[in-house]
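Letters A, B, C and D mark the chains as written, and numbering starts fresh at 1 in each.
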Amino acid sequence: MEKKQKNDGYMPRTDLALDAAEFIKSKYYVEAAKEGTLPDGIEMDVQEDENVKITKIKVDTDGAAEAIGKEKGNYITLEIPNIINFEPSDFENLSHKLAEILREVCKMEKGKSVLIAGLGNWNVTADSLGPKTVSKVFVSRHIKQYMPDEIDERVNQLAAISPGVLGITGIETGEIICGTAEKIKPDIIIAIDALASGKIQRINTTIQVADTGISPGSGLGNKRMKLSKETMGVPVIAIGVPTVVDAVTFAGDAIDSLSERLGKNMIGDIAPGGNYRRLREYFDEDFNDLVVTPKDIDNVMEKLSEVIANGINLCVHQGLSLSEINSINC
Amino acid sequence: MEKKQKNDGYMPRTDLALDAAEFIKSKYYVEAAKEGTLPDGIEMDVQEDENVKITKIKVDTDGAAEAIGKEKGNYITLEIPNIINFEPSDFENLSHKLAEILREVCKMEKGKSVLIAGLGNWNVTADSLGPKTVSKVFVSRHIKQYMPDEIDERVNQLAAISPGVLGITGIETGEIICGTAEKIKPDIIIAIDALASGKIQRINTTIQVADTGISPGSGLGNKRMKLSKETMGVPVIAIGVPTVVDAVTFAGDAIDSLSERLGKNMIGDIAPGGNYRRLREYFDEDFNDLVVTPKDIDNVMEKLSEVIANGINLCVHQGLSLSEINSINC
Amino acid sequence: MEKKQKNDGYMPRTDLALDAAEFIKSKYYVEAAKEGTLPDGIEMDVQEDENVKITKIKVDTDGAAEAIGKEKGNYITLEIPNIINFEPSDFENLSHKLAEILREVCKMEKGKSVLIAGLGNWNVTADSLGPKTVSKVFVSRHIKQYMPDEIDERVNQLAAISPGVLGITGIETGEIICGTAEKIKPDIIIAIDALASGKIQRINTTIQVADTGISPGSGLGNKRMKLSKETMGVPVIAIGVPTVVDAVTFAGDAIDSLSERLGKNMIGDIAPGGNYRRLREYFDEDFNDLVVTPKDIDNVMEKLSEVIANGINLCVHQGLSLSEINSINC
Amino acid sequence: MEKKQKNDGYMPRTDLALDAAEFIKSKYYVEAAKEGTLPDGIEMDVQEDENVKITKIKVDTDGAAEAIGKEKGNYITLEIPNIINFEPSDFENLSHKLAEILREVCKMEKGKSVLIAGLGNWNVTADSLGPKTVSKVFVSRHIKQYMPDEIDERVNQLAAISPGVLGITGIETGEIICGTAEKIKPDIIIAIDALASGKIQRINTTIQVADTGISPGSGLGNKRMKLSKETMGVPVIAIGVPTVVDAVTFAGDAIDSLSERLGKNMIGDIAPGGNYRRLREYFDEDFNDLVVTPKDIDNVMEKLSEVIANGINLCVHQGLSLSEINSINC
C-alpha cells in the first residue's frame, strides 16, 4: 500500500520524490520547520555536470516517508533538460551514467536474471515509454544457451514483457507480471513507466530510478496494484519519466506563476499552495480528460526509450560494450 | 494573403469563424455596437437537433471580413460534442449531413473530378486528421475505366494525396499540391487539416467546412502558403477540426474562467479579453512548445477521420450508398 | 505432447486437420485402405452454402489420431475463398456462423469468464492475426461491475492478452498465459494464431476452430509449449488461419502440380507424395527463411481479425447484437 | 519508353542489370557467341572485399541495350549478403562506399539541390524501402537559411517526398514527382524503390544504383510512367533493392535447381531457360498474387533504409560527417 501524502491537496500531485522534496523545502509548505530545510530522515545529495544533474534522495524513517508522501527507500533522479539536442557522445555518456546508477540500485552481478516490465499503453504516445523501451532491450533469456561461450560469459539472462494497460486487457498489469514472474522466477524486476509530475519543466527531462517499486498508470491513469517486493516476491526497481502534466495542474501552475510575476496572490482567499485543491474543484469537470504535452513528443519518446534501454543493457550485460550490444541486438 | 485580424491580440487565435463571430458578439469585444450583435455583412444561421448543431456564417463584405478576421466566404460548422459516444445510426446520420453540406459547398455534380489533400503530419496523432482521412476515402481516378458500367455511372473521379509537412519534406505543402493539380487538373480540391481554436471545448467536437481555402499547419505549426482558388487555380474547399489548444491560450482560458467564477478580474490592469496578448508575453518562453490535448485523442482521430471520409465519399460518389462504398473500398 | 504424424515426411506439414484428412483420402497416401476413404475413428461432415463451406472433423480414437497426425478432438473449418470481396451482409453472416460454432465448442453459457490469447508477433504482418484480433474484442472484465444492470446481464467477463513471441520476450508464450490464467482464473481460454498449411490455396481463406488447444508459433516459427487443458488447467479453444506457406512446401506444391499437368512424375525415384521430405533436404539451406504470402496480406489480416473478433464477441456476450457491441466497444 | 528485352520469356524478369548480364553469360542464353562472354557494348568491372562486392556495368550502344534488355547507361551494384549481421563499423564503411558511388553518379558538388523520391507503399513492408529511406534523410531545404553559416556552408539543399502508390492516390507517382519538381526545380532527383529480381539470393542483399531513371512499382506492381531525364527534365538517379521474388519465378528457380541437382531436365520438351515462360502459363492463375519474402523482412528494411539514407546524406551534405548529420537530424 502506498502512503497517503500528509498534506493531501496541498502538495501538488507528483510521482517524483524530487518534486515532493522541493515542495517541502518551499515557502508553500507551511509545516516545514523553516524554509529551505528537509525533515529528519530525508537525505538529499546532488551531483551536477554540464549535461545532467543527479539527485539522490534517501527516505529513511516512517515519519520522513509520511512527511514527503513517498515510501521509504532510495530515489535517484537524472535531470537532462537538453536531451533532445544531445550530441551522440553526450547521449552515450548519459547511457553509461544511468547504467551505473542501475547497477548500484539493482545490486547487479554475474548470473542475476532480470525481467523487464514495460508498463503503459503502446497506442498512446505519451504513455508508450515502457513498451518502447522493452522493444529496445537486448532479450537474452531464450538464446543464452545457444551463444558462443565467449559471449555467453558476459551476458545475463534478460526477459521482457509489455503487458498492456487494464483498459486493453481487462487484467491488472500487476497480475500479468506477477503470474509471469512466478513462472520464470527472475532475481529482479525492472519496471518502466510514464509518471506524473506537478511541474511542466519536468516533462521528458527527468528520469527517476527508485528501489521502492511502482504503481502502473501513475502518469496517465488511475493508480493500480503496486509492483513491489511485497507483491512480486523479488525486488522491483522502477524507472520513470514524467511525460505529461494534467491540465488542471498546469492551470494551477500558470496561475501561480502569474501571481508571482504580478506580485500579488491571484486567489486571495485560498491558502498559499492550496490552490491546487480548489482549482481541481473548479476545473475538474471541464478539463478532466485533458493533458498538456510537448508538440514533439514522438521524437522525445524515441530518445528517452533509447537511453533507458541502453542503461538497462549496459547494467545487465556487464561484459559487453554498447556497440557490441547493438551489433548483436539487431 | 490572409487578412490580419483587426483587434490583433484581443481576439484569441482561432481558425474557426464561429469562435470569431461569438467573440465579436461577446462583452469582451469593446468595439461592437452593442453586445450580442454582429457587424453588417456577416450573416449567421443556426440549425440544431439532438446530436449536432449546424451554424452557417456568411462573410459578405470587406469590412465584415476585416471585423471578423476571416476571408469573405461561407463557413459552416458542425458541433458534435458527443461524437465519441455516437450510436452507429447517429454516426451514419452525421456522415450524411456532412455530405449534404459538402455537396452544396462544392457544387458537386456528375462528372466533376476531385483531388483530396490530407494536410498535416502522420507522425503526430493530433496532426494526423488529414492523412488519416485520405487513407479512408474511396480513390477511384485510376480504376474508373475498369469498373462495370453500372457502377462507373455513379462514381466520380477522386484522387487523394497526403503531401506531408514542411518539416518532413522541406517543401511547402502548397507547392506539392499545386504541382500535382497542374498535372491531373481536378475540378475542385478538398483539403483536410487540423485547426487551432481558442476554446478548449472545441477540441475534437467541431467540424468547419469553408469555401475560402486553407493555410496548411494552422493548427499545430506556422501559417504557410495558402491553398485557395488564387494559388491553385481551382476552388479549394477546406474541412478542419480543432484538435489541440496551445498551452498559453489554455492558461488564459483557465484564468478567465476562474475570474468569472470568483466574480473578479484576475488581471486588473489588463483590458477585458486582452489578457491573451499579455499572457503570451508572460508565458511564451516557458510554454511555447506545449499543447493541450485529450487523453483519448487516438480514438477520436479515428472517428473524426471516418466521418469526414464518409462525408466526402457520399458527396463525390453520389450514386452510391455508404454500404456500397465500404464494400467496394476494401 | 503432440503426436508425431505417422507418415513423417510423406504428409505435408500442416496444422489443418482438413488438409490431413484430405491427404489421407488421396492417392498419395499409400496406406489408405482405398482411395477416398478415411480410417475408422475419423468422422467428417460437410455443410456448404454460397459463401462458406463448413467441415466438421471428429477424431475419436488413438489409432485415428495417429493416422491423421492430430490430437483426438473436434476440428471445424470454415472455407471462405472470397472473404476479401464479401458484401457487408455476407461478412455479418460469417461472423454469426463463427459465433455459433464457437458457442458450441466453448459450451458457452451465462457467467462463464473467458481469456483471449492473441498469439504471434505484431511486428510481422503475416503473424499478427492474434494480436490484431485481441485489439478488436470487447474486453469487459474490468468494467462489468460499472455497467448498467441492463447491459451487465448480457455481457460475460472477457479479458485479453497478446503476450508477444519468444524472440521478443525471451519467455515461452505458454508461461505468460499460464501465469496470467493462474491469477485471473478464467473458465476457458480462446487462443488465436497464424497456422501453417501445405496448400497455397488455404492461405487467408480457411478458419479452423479446434477444442484440442494449440502450439504457439506453428505457422511461422518453431513449435513451442502447447496451450491445452493439460498445461493451462482449463479448456483451450484454438482459432487459427493459415497466413503463409513456407517456401520449401511451396516449391514442392509447384513441382507436384507441374508433374500432374505434364502427366509424368518429375521426381521419378522418389515415392509419390514423398517429395516433400526430399525437397526439404535439397532446398532447406537456400530457402530456409523464406515464406510465400499474398501481396495484399495487410488488407486480409484486417478482415480476418475483424471476423474472428466479431465471432468471439457474439459468442461470449450472448445478449448483445453486433451493432450494440460495436457501439459500446469504441 | 523502356526497351523490350530481346528474348522475352527466356530471360527471367529482373530489374537488375547484373542479373541480366549474368544470364547473358550463362549457358541458358542460346544466342551468346559463347558461354561466359558479354556482347559488344557492355562493360563489366568487379571490385570485391570481405563485406561487399561492387560491380559496375556500362551499357554503351543501342545493340547492347537491346541484348541486355536495359537502357543505355551505368549500373552499379553492391552485393552485401551479410548486411543483417554487420558490425557497426562495417555498416559505416558500407554507408561511405555507397556515398562515394552516389557522388560519382550524381556528379555531386557544392550548391546542387536534390529531390529525394521514396517510391512504394508504406503499408506493405516489402514495398516500404523508399518511404522508410525518406524518413531518414536529412531534409535541409527549408532550414538552410536559418542555419549557422559554419554549417550552412557544408550542407546542400535536400527535399524529400513519398508520393504513395497509384492504388492509394489514384495518381501516377510520376505525375506527383514531376509536378513537385516543376515547382521546386531541383538539380537532380534520386528515386528509391523496391525492385524485382529473378534470383532468390538477391532479396535484400543487393543495392543497384543506376543513372538511367526508374519505373515506379517494378518490384511489386505493374510498370508505370518512367522517372527519367526525359520525363522529369533533370537527371534521375535510381537506387533499388530487390525485396521480393514473385512466386512463379520462385517456382521456376526451384524446378531449375532441382533439375540441376538431379542431373536431368525436369521439363524435357521446353527449351533450356525457357521454362519461365511456360511456367508462367501453368501457374499464373494459381500463384498470381503471391510473393516470396524473408521472414525477418521488417528488420532488414530498417537496416537497408538506414544504409541508403546514410549514403544519400553523406553524398549530398559533403561537408558533414555521419555523426554530425545524425546529431543535427534528430
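Going forward, a residue touches a chain if its C-beta (ideal position, glycine included) is under 8 Å from a C-beta of that chain, and two chains touch if they have at least 3 such contacts.
All figures in this text were calculated on a predicted structure; none of them were measured in a lab.
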| item | value |
| --- | --- |
| Chains contacting each of chain A and chain D, listed by label | B, C |
| Comparison of B-C and A-B (more C-beta pairs in contact) | A-B |
| Most remote chain, CA-based centroid, reference being chain B | C |
| Interchain centroid distance [CA atoms averaged], chain A/chain C, Å | 41 |
| Centroid distance [mean C-alpha coordinates] between chain B and chain A, Å | 38 |
| Centre-of-Cα separation between chain C and chain B, whole angstrom | 45 |
| Multi-chain contact sites of chain A, meaning residues that touch two or more partners | none |
| Touch list for chain D against partner chain A, complex | 84-88, 299, 303, 323, 326-327, 330 |
| Sites on chain A touched by chain C in the complex | 135, 139-143, 157-164, 166-171, 175-176, 178-184 |
| Chain B contact footprint on chain A (complex, rising order) | 123-125, 200-201, 203, 220, 247, 250-251, 254-255, 257-258, 261-262, 266-267, 279, 282-283, 286-287, 289-296, 298 |
